[in-house]
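Shared between the two complexes below is subunit A, which has subunit B as its partner in the first and subunit C in the second.
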Partner chain A sequence: MVTASPYLVLVAVGAPALAGLATMLLPDARKLTRLSLATAGPVASVVLVAIHLGRNGVSPADTPTGTIPWVPSLNLDISFLVDGLGSFFALLIAGMGVIVVPYARAYFGHDAASLARFFPTLGFFTSAMLGVVLADHLLLTVLFWEMTSVSSFLLIGWDRDDADAGKRAMQAFFTTGLGGLALLGGILLFGGHTGIWRWSRLMAEAATISHDGTVVAAFVLMFVGAATKSAQWPLHDWLPGAMKAPTPVSAYLHSATMVKAGVFLLGRMLPAFGALALWLPLLVSIGAVTMLLGAVLALSQDNLKRMFAYTTVSHLGLLVAMYGLGGASTAEGVGTIHWDLTQIASHALYKAPLFLVVGALAHLVGSTRVAQLHGLWNRPGAGTKAAAAVLLLSGYALAGGPGTVSFIAKELFFAATDHATAAHPLLAVVGVMAIAAAACNVAIFVRLAATVFGLRSGAGDASETPDATHREPDSWSFMLWAPAAALIALQYLGGLVPTLWNRTFSGIEANVHDEAFADGLPWAWEPFLHPGMPLLMSMVAIGAGTALGFSRWMRGDLVDVHARIWPATYRGILRGGHRLFHSLQTGHLRHYLAVVFSVLTLCIGWAAWADPAMLRPPAGMDPFEYPAGLLLGAVVCAAAIALPMVTERVVRVLVLGASGFAVVGLYLVYQAPDLALTQLMFEIISVILFLLVLRLLPRPDHRPRIRVLPRLALASVVGISIGWMTLLAGHAVDNRAEDAPTLGKFFEAHSLEGSEMTDGRGGEGRNVVNVILVDFRGFDTLGEITVLATAVLGVWSMLPGRRRHREEEDLAVDTGQGAQP
Partner chain B sequence: MRMSSLILQTAVRFILPLTFLYAAYAALKGHNGPGGGFIAGLIASVGFCTYRMSYGDRAFHRLLPVHPRWLVFVGLGLAGAVASLPLLFGQPLLRSASTTLHLGGSEVHLVSSMAFDLGLLLVVVGVAVGMISRLGEELDR
Partner chain C sequence: MTTVLAICVAVLVTVSVYLMLSRELKSVAMGVFALGHGANLSIIAMSGSPVLADGGLRNPPILGVADLVDPLPQALILTAIVINFAVMGFLLTLLIVTARRTGTINVDELATEDRPDGGRAGGDR
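Moving on to the complex of A and B:
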């Protein structure tokens, strides 16, 4: 076997982004070249993944495809896992990308500026998404995962003039970003606990992973990540909101690919966590509620995009519930699932065409409202008729009508619920909910069909004038419906000739265990020859759905109560932040100082509590070594005590100066000329600064302050503890080094020449103080001068004088002009 | 802010070159004797400030024709560059290198951290002079 090359996969992942970026280099006029280049990216991905699969076959889930070292210190490398699940998703994503790029060309038409922005962003997304599904390292998955959130944000807020689009983009980013954080937390928790950082190892050791509390917590966090990304109840509201994005984006990101990332993650997690006791109840309950809620809300929508968004929510719920049911059937302690990829592919193959055709209708009819489609079939124009046909064919697949893959997929799901109900009778509820959701989908199709053919039971009529976004067709108009037609053709091809589908999918459907479908998907008529529970459920759903579709029920806009969650959260965050800001930022320096010093003292106190040895005076101190030092120390103390007693500011500065100069004397007594010189210069400069600032300060105010006693207590505690800490630091003994036990001795010993303690490297200077400043503690110094520079930048920019001056000049010019007639 | 006293002006005229000379000495000598970039920067700043106090803003601008921010930027840039240069050679941040120059009969020991020290000096001068002259301008208005 040829060894698998990770570089091939890396190029496959990066190609769409690179191609997208490259389109920016082309001039605006070269539209066709640009389009070809943008299409070449995903095409290259498809081809490279296909080459990889052709050379190596579908690798087992526990065999990674080589690694490229990246950040060895973090144990992070670029490694890929091209197993059945990963390669299926990669081909789906790249394949849809190939279709969406030319569609976007037709959708945006001659809007060159939009296209110039669109191709790089879309390429970025495609690469990120390919990374998510092909990454082997857990952290690499998170990295790409976040990149998909970012690109989704950029694409939802595409229309820069639409404030609502911006809000919706923020909502989507906030929700999925929160999920991303949960995912990261779950992965860190899991990896740190078990030492497993790769999906492949996770699969290999799936049966041996213990089910302790930490693993369960990690699983729940990872599930939160998956659920937010896949728009599960109760945080599904961002997905209908994401419909603010241009239709190519809705079709690509928010129906076929990105929202499936959560489902994909569950597919990755199933073998490892499927046997957890929590897996089935958590996934099935959330998924089933989402499925039914989405379907009911979809039926009551008037806007086609929102309608299909809610059906997407519904189907994502179904997929989550499906993986949840996988926990009910375990083989060798590892959760398994039947034909999950067929289920996912089936959804992508009808939902994407639905969205694509909605975009086509927006151009051809000028509206995306159901009511505007009344009698669409009878309107002139070949494009209109084609779009209507694709809409109905896709709608038929949405309803899960016989003859489509979707029908078989529904049968599969019903079979799974039926199967699981045998083990857990309570799961019969899920079966009923699934029937109800399926009935809603059928009703949507019936309603759409009735409207398009102009029947009386259809929605609204065409008497209203459509919105005026109608655009004249150009040579690319056929591209508005042709991609959708190609995709939906696959649905019927797979549904009518299942051998083709089976041959494609049997290689990558790793978990085929259901005896009923062990030989692959059946021919369209086979379920009718061997009727069973699933077919019965399908028939009930179709019957009830048809009745519901023709009825007058659920036509008005049902308000989704969950739509209130985000605005309330957003307001809450803003208000909370506002309140927190105002309680912390009082604008009074003494409050800030009190807070800072209190926290500092608490930290020191905590350290002393943890290590009581800190309270003992250090050994080897001789307080009476230099009597003059004692005297100067007394002067410093006296000045410090006098400082708060005087009220005149100038006197205060002078008293502070006296204290400083006494410190200079102290340094001289203790034979530190460097420090004495520094302190002297510093005192001079600070006195000048103080005198300058004092003249700029407003008159002292006598507003109520923090009372004296607490301030006195705080000041004494802070002063004493800081002084004590300094003393301790100077005398701290390190027993590992015999020749240089204290810091002072260490610096003295190594300032010129090194020893083995410093890797044989010394500071090469005889002045210990300076060597400390620029060598031993050079990083501190670098930080300090950065702080100094920032402070002076603050002085230059925040002192209002110069700006005020300029404004006055501007004002003078303005009034001068105004005075002239 | 200006203290136009004749005695101060005359004294400053003589003291200023000495101040700078001493600052330069302290900066160069710093690695082995008392001194260093930080101290030298403070000494030079005191020189600049007394000059500004005695001769006023305009004369000060003739003495230091660039805005102090350039001193800060160049100094910080120099220090950052010297600090991160070892990274290019696979060495840790701030790792110093040294060389000995033979000039005539005397040997001069050069350490790369002296360049770091020079950056420190420039930043200290820029910050002190910058703050004081900015506040002074505010008062002059």
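Moving on to the complex of A and C:
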């Protein structure tokens, strides 16, 4: 088979971002052009992906496109995997993008500044998300994954004047960003252990991957990444918080696309990791808890956006549990997962309209509170009625009522739990939880319907004053509800006339395990002709949910205890950082130095621990080799030891000088006349300088010294370590073979005349040290001179004369500061 | 000779670290000075012992004779001496300016004066 070209897909991925950036070049007045351009990006993605699929077909999961080299040293290249899962998500993301862009135009209205900012950000997100779902290289996936976190951050914190939005954006970024790090860690661990860096290879070699500890750890880390992105319990709180974003963002990112990235990742991982013993219990338990918790919390919300956010959390839990149950298919061949993409598409097709219509209501009614919708159906205005209709139709799909794709999707999930329970009886709990969650969704619909039609069992009344979001309708107002109507129409089309849906999805669905649904989605009435466990579960859920909806239970804001996790973590991090800062940054020089020296000795100690040969004394130690040298060494040591003991300042400087002059003597023994000369000169100047400076410094105070023992202990440890290093290295030089090649010999050989190694040029000098300084290592010397010049400049700028002059000027400006001693 | 040098390095580094941990900036400056000597001696030890088997010394690294010592450490140290001197001059000037500005060269007193919050805990970020 011919390898597909990656360029088409690359352009498809990049198109939204490029189009979004291009809109920034247009003048503010060209609104329609800007809108068309921004829409053209995702449209191009849809078309290009479709062309790719038309040319190459849906590729099997183990066949990537060709590669474009990128970072060869990391073995990282750009290649794509346009299999069923990837292409479905790509079309979903780009398709939703096409719808959201014009909606955003209607939502933001004439706020040109917001739109100018919105289109590039949205394009950036769309491209990032397309990259996540299409990338073949694991690291490329992570890269795009992080980009979705960043764009999500930008979009949640859209309202720059709203401090709470900023906090929520930070929470979302923190949670998903940490998850992204976990994902990266998992991928690195897995890739390093198995050498598999591509999804395609992962699929191809799924059966050969061993289930050892490293792979399990990598899987858990990757799951953490997926779970945080898809807002799983207990870290789901960021998703309701993300509703601070403008409604187009909530509809697009936080219901239909980005939050599905985690689910997508699990779908990618299922063939490879589904057989792990941990897969089913981990995913199903987390997913089921999230599903039920989200549903219960959703029912008790008063704000529509928060309510739908929690239903999103709930459905994400269901999707995770769905893939979790799918582990039984991979491991044991039980039919526990079927048409998972339909399940995902179904959610996107009713959740996006719900959010879109909430945005419409915010403009038409001026509120997103349920109580404000009382009697909405009977209010004047065609737009209002249309919005109400879309709200109810989407709500019906949320409830999973017969006639929608959502109903069949719920049946599929119930069937999966039913089959799984047959294999593992304990999973019956999941079935019960699924019924309870479904009942909550039905109850939400019942309440919404009762409120919209103005029944008494609906929520509250419309006596409250509307919020300020109300806006007079303009020519674009129909776009507030029209996209939602188009999306929800697909739900009913697929539910009532499944032929088209089946033809579309049968090509891309990979997980087909249930014989009862072998031909795809059934016609709407078919489940009723063959009643079974799933239908019974649906009916129980609908019955219980209707009763719950009309009851007085679970109204008013139920507080989500998990909302406390983030503030507590945030405070803890700040406080911990504060404490750490103050324990490290004391402002005391000696504390910093102590840390630096301790780390130095620890490093040396660690090296000695790694290589115990370092602790063995070297051969050939002979201190009495050269008596004159020994004498000079003794002077150096004696003067150095005397230095801290002497208290008289002038004597101290002289002692310091004495040690320096003895060092000059050692240089002479080491046959370094240049060094000796230079050192001698600078030593004399230094001693004089020191003596002069002493005159200008205040007398020392005679307070008790800092405790001597710890100082001496640290100093001795550092000194002995460095001395030991010198001993080892020096003797290594002494003990090496006479003809061992050294840099010194190279310099000796080339000091006078060159060879082909130095392009035939030599240093033309006999004093090798000088030749090194001015020729071979001339840039070092240039640096040295620079340091010297810098120091001179520094000293000159601080000179007392200049200072006095400047301070007098300061004094003329304001008195009080700058008194001269 | 390498052994002697290693002992000198150990003593010099010990003394200089001890001095740098003291309370007075003047002692710290002396510590820095002594540390320079210690480091230079440590580098020169890398040229190996200059003492030959017959008790005589090798020759300085000037072409024309046999048994030269390694020139590279010497070149490195020559650079280091000059930089040491520059640092020393800068440090001493800094000492004078500090003493004039604050009236003290006590590290602890400077610690409480330098901090933007006056040495107390504070500031959220």
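To be clear about the criterion, the second predicted complex is superposed on the first by the 615 of 821 C-alpha atoms of A that agree within 3 Å, B and C clash if a C-alpha of one lies under 4 Å from a C-alpha of the other, contacts with A are read in each partner's own complex, and residues count from 1 in each chain.
As a working rule, contacts are C-beta pairs under 8 Å (C-beta built on N, C-alpha and C of every residue); 3 or more make two chains touch, one makes a residue touch a chain.
Just so it is clear, the structure is predicted and the values come from calculations on it, not from any experiment.
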> Is A:Ile688 touching the first partner subunit B, the second partner subunit C, both, or neither of them?
Replying inline: first
> Does the superposition put A:Thr678 against subunit B (first), subunit C (second), both, or neither?
Replying inline: both
> Which partner does A:Thr33 reach: the first (subunit B), the second (subunit C), both, or neither?
Replying inline: neither
> Is A:Glu764 touching the first partner subunit B, the second partner subunit C, both, or neither of them?
Replying inline: first
> Of the partners subunit B and subunit C, which touch A:Phe779 in the superposed model: first, second, both, neither?
Replying inline: first
>> In the superposed model, which partner reaches more residues of subunit A, subunit B or subunit C?
In response: C
> What is the contact status of A:Val795 with respect to subunit B (first) and subunit C (second): first, second, both, or neither?
Replying inline: both
> Now for A:Asn75: first (subunit B), second (subunit C), both, or neither, which partner does it touch?
Replying inline: neither
>> Just checking: does A:Leu630 make contact with subunit B only, subunit C only, both, or neither of them? Give me first, second, both or neither.
In response: second
> For subunit A, what residues appear in both contact lists, the one with subunit B and the one with subunit C?
Replying inline: 673-674, 678, 682, 685, 689, 693, 696, 766-767, 769, 773, 781, 788, 791-792, 795, 799
> Can you name the residues of subunit A that touch subunit C in the complex?
Replying inline: 574, 578, 582, 586-590, 593-594, 597, 621-623, 625-626, 629-630, 633, 636-637, 640-641, 643-644, 649, 652-653, 656, 659-660, 663, 666-667, 669-675, 678-679, 682, 685-686, 689-690, 693-694, 696-698, 700-701, 703, 705-706, 711-712, 714-716, 718-720, 722-727, 729-731, 733-734, 742-744, 747-748, 751-752, 766-769, 772-773, 777, 780-781, 784, 787-788, 790-792, 794-795, 798-800, 803, 820-821
> What residues on subunit C touch subunit A, complex-wise?
Replying inline: 1-15, 17-24, 26-28, 30, 33-34, 37-38, 40-42, 44-51, 55, 57-64, 68-72, 74-75, 77-79, 81-90, 92-97, 99-100, 103-108, 110-112, 114-115, 119, 121, 124-125
>> For the complex, give me every residue of subunit A touching subunit B.
In response: 673-674, 677-678, 681-682, 684-685, 688-689, 692-693, 695-696, 761, 763-767, 769-771, 773-775, 778-779, 781-782, 785-786, 788-789, 791-793, 795-796, 799, 801-802, 805
>> Quick check: in the complex, which residue numbers of subunit B touch subunit A?
In response: 1, 26, 30-39, 42-43, 45-46, 49, 53, 68-69, 72-73, 75-76, 79-80, 83, 93-96, 98, 109, 111, 113-114, 116-117, 119-120, 123-124, 126-128, 130-132, 134-139, 141
